[in-house]
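The next block holds one structure in the form of structure tokens; read it before the comments.
We just call them A, B and C in the order they show up, numbering each chain from 1.
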Amino acid sequence: MVRGSPPLALILTSAILGGCVDVYQPMTGLHRPIAIDIGYTNFADLDLRVRCRASAAMDASQAGELCRRVARLFENQGARVEVLRDGAPPIDDAEEAAAEGETPKAPRAALSIEIAGREIRRDTTTIIPWAWEHTSDYTIAQDISIRDESGFLLAADTFVFRFVSRIGFFSDAEEQFSADFYGQLSQLALNAKVRRRVLAEGQARPGSG
Amino acid sequence: MSHRSMSYVMPDAINGAIGGAMSYVIRHVAAVACLMLLALPVARAQTAEQAQRAELEELRRVVAGEVQLAAYDLVDELVYRWNQSPPFGEPTPVIIADLTVPVGMGTGLAALVENHLAKLLIDNPQSNVQLSACPSCTAMLVHSGREGTVVSRGLDNPKALDKVGGPGGRHGLYLDLAAEGAWLVLRARITKLTPDLPIVYSQTIASPVGAPSLLRSSQGLKSAAEARDEYLDALEDRGPYTIPVKFAVRTYAAADEFGFPPAPVIWLQTGFEAALTQARRWKADIVLGYAWLPDAYQGFMIQSRMARLLGQTRSLTGPDVYLVLGAALMTVDGVAVAQLADLGQSNNDGTVSTRGTFAGLHLGLEMRVANRVGATVFLENMPAFNDSDRIGDFVDPFGIEFHSFGAEVSFCF
Amino acid sequence: MEFWIYVLLFSLPSLVEYARDPVAGPLAPDLMAGAGEALRGLDCEAISHVTARERYPGRVTAPPPRGDLLDRQAVVCRARLMPPGVRRARDEAILGDLRRSSEEMAGLVAGLADPLRERTWLVEVYYPDPQVAAKVQFATKNALLEQGVRVTDRAPTLAAGDVEVLGRIDPQRAWPLACTRYVATDSLGAGDALMGVALRDRRATILNVGYCADGDWRWLR
């Protein structure tokens, strides 16, 4: 990461005309290439449960907001999505159907996605003690796991990213992060769906050709 | 496509104009103009596409250039491992069956790597892998048998190969270079060219991007660790200590009152030099010197210096320049250097002594090549001769009189 | 006034260091262009300053002996060999992770019970791009050999009619059918087994693995 320095005039102009903007740095996983196009109905035959765990990196309201957005992401791709409250136990399909007195329907793929954030580093500057703190640099890891109906782990990944405040004119950091995050999440879910289907084929034909 | 459609329309328009029907011409000219306007974005798109393709090709070329040395390193390592643990018990002919490069790169790199491998194998017979040519192995063969007609490379169908006088149980070497994230990976396997095509040897070696190339010599191939030690030796020039031998000449300025200067004194010096940091940015030496010219002078001296590299790093191939600051204590005796004598001293026989003992502080620049040969120029102030009427000065910046100008050549051992 | 001069002098070393941060520092070059593009070709890892000093001696500076105003961390980045855009996204995703994924796939076969594991294994890869398929095949064979499995370069063959039929049906049925035909045509003998690696969905960036032995096809992953 060796670079040259810009002309002094540019720095001064930036300092005068610019403000504090965020820079997004995908560190691990988020900038991996994806083959899926999230504009298509990739999950038309999928029931999805999403749970976002609150942590130091993400409080309960942020976790809720993230889950709502993830639900929208998969709904847009044709999935039927249920957002699980953080802390709720996993629900078994058969038990749920029996409780509601329903007869089991044709099997649809059902996946559970769990998103948990971990804070790796946070740099804060106290501008006014006990009143105003500015976070200038933070690095977050998001652990994603996708399981099938039986709880079998189909796919797991960790996305690490960093946001840094610096002087600049404009920032598309949030858009870039969103595009990366939603793209990777969709790719991971699709990979999990394919793996589930293949495993189901393996189980459906035990020992047969 | 846009050019073709224009060339089809234009003759019609001209024909129309010759026919004299103006409206016809105008209509056609308008049509042509419209077509040209419509064609513009297409042409622009084509140009952009061409530019993008050219940019991609350029990018591929740059990456291939960067990958080449890393690929050589991996092939060196492979042959080194064969030297240490040969895949065959005795020299065995092997055909290069296939050599593939990372997806997205041209085949030029494959040819370079193949040549490098061939050179290595010729220089390292102890690997027991002998390169062998087999034109029928890589040729396409058409073979009709019980299972039908099969079209394949000779290597992939040993039965058919046998019938055209193939290698008969020789071995095929397959090499694959792959760019995997930040790693360049070399995979090798050796297959016995019998109908069963068993793989008898495999190896996977990876190297991260940015690791400096070891540039191993193909003869007497060394391990990566040994090559790195050698590289560090080169950087450190085989230890921090050296013994310099110097030939120095000091000339002195004439004082206005005296008219002529003392004779230049030629010194032979030797001593001990140490690098104070591993990168040799700082170094120091201490030397003893002797000067003698029959019937002219004789002298002894002790001198110590500190030197600082100008620049951040030493060059392995070009000269380096050091700023030098030193002090010397000299004693000289002789008629040729009588101006340097201590005043008021007599010899035992009552004659006036020509021996002078004095100190000097010098500042100069030293050019050193590969820590083997050096040349230095310096200016020296001798405090005992400040404001002297026997010795003048060459320059006196900031009131410091530099009475002596010296030059020396040094050889380090 | 003197107070502020002292503050400036004390914080100057830290400010100079901060200015050189390639992402955050005001001297980072791409103020106008957006730093994102340059950073996307790098895989990075945040590690502690102490770990960085251990791993990269000479390249990570030691903290000042009289303490440090900054809470330092090191971000170690490696540039990807192939710049973004040179290869197709799916190919890049598959190839970028090939060492790990081939070892994992080979591990599934190496972990099979003994009579199967001891057979001679053929490897067949289905992937839309033949160049990538060849890479995957090479890596898988090497990974199998490294795990002590016997492997051959022989490729299973089918009659032209079989190939035509298999090309028309979906992969779910094609692999088991091909397996039956390999055994029926003696392309796969009693001591042989076939490891099949396939991209089952063109939108996926994972490869699926199955095996064929004695005319039975099983998906392992």
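Annotations for the structure displayed:
We adopt the following convention: a contact is a pair of C-beta atoms (placed from the backbone, for glycine too) under 8 Å apart; a residue touches a chain by one contact, two chains touch by 3 or more.
None of the values given here were measured: they were computed from a predicted structure.
Between the contact lists of chain B and chain C, the overlap is empty.
Chain-level centrality, scored on Cα centres against the all-protein Cα centre, points to C.
Mean C-alpha position of chain B lies 33 Å from that of chain C.
Between chain A and chain C the centroid-to-centroid distance comes to 21 Å (mean Cα coordinates, whole Å).
Taking each chain's centre as the mean of its C-alpha atoms, chain A lies 46 Å from chain B. In chain C, the residues that touch at least two other chains are 43, 96. Looking at the complex, you find that chain B touches chain C at residues 56, 59-60, 63, 66-67, 100, 102-104, 147-148, 150, 156, 172, 174, 176, 178-185, 187, 189, 191, 196-199, 202-204, 206, 208-210. Interface residues of chain C facing chain B in the complex, by the touch rule stated above, are 43, 78-83, 85-87, 91, 95-99, 120, 129, 131-132, 134-135, 138-139, 141-143, 145-146, 150-155, 157, 159-160, 185. Of all residues in chain C, those touching chain A in their complex are 22-29, 31-32, 34-36, 38-40, 42-46, 71, 73, 75, 77, 84, 89-90, 92-93, 96, 172, 176-177, 179-180, 200-206, 208, 210, 215-221. On the side of chain A, the complex with chain C involves touching residues 1-6, 10-11, 14-15, 18, 23-28, 31-37, 42, 120-121, 123, 136-137, 139, 155, 160, 162, 164-173, 176, 187, 190-191, 194-195, 197-199, 201-202, 205, 207-209.
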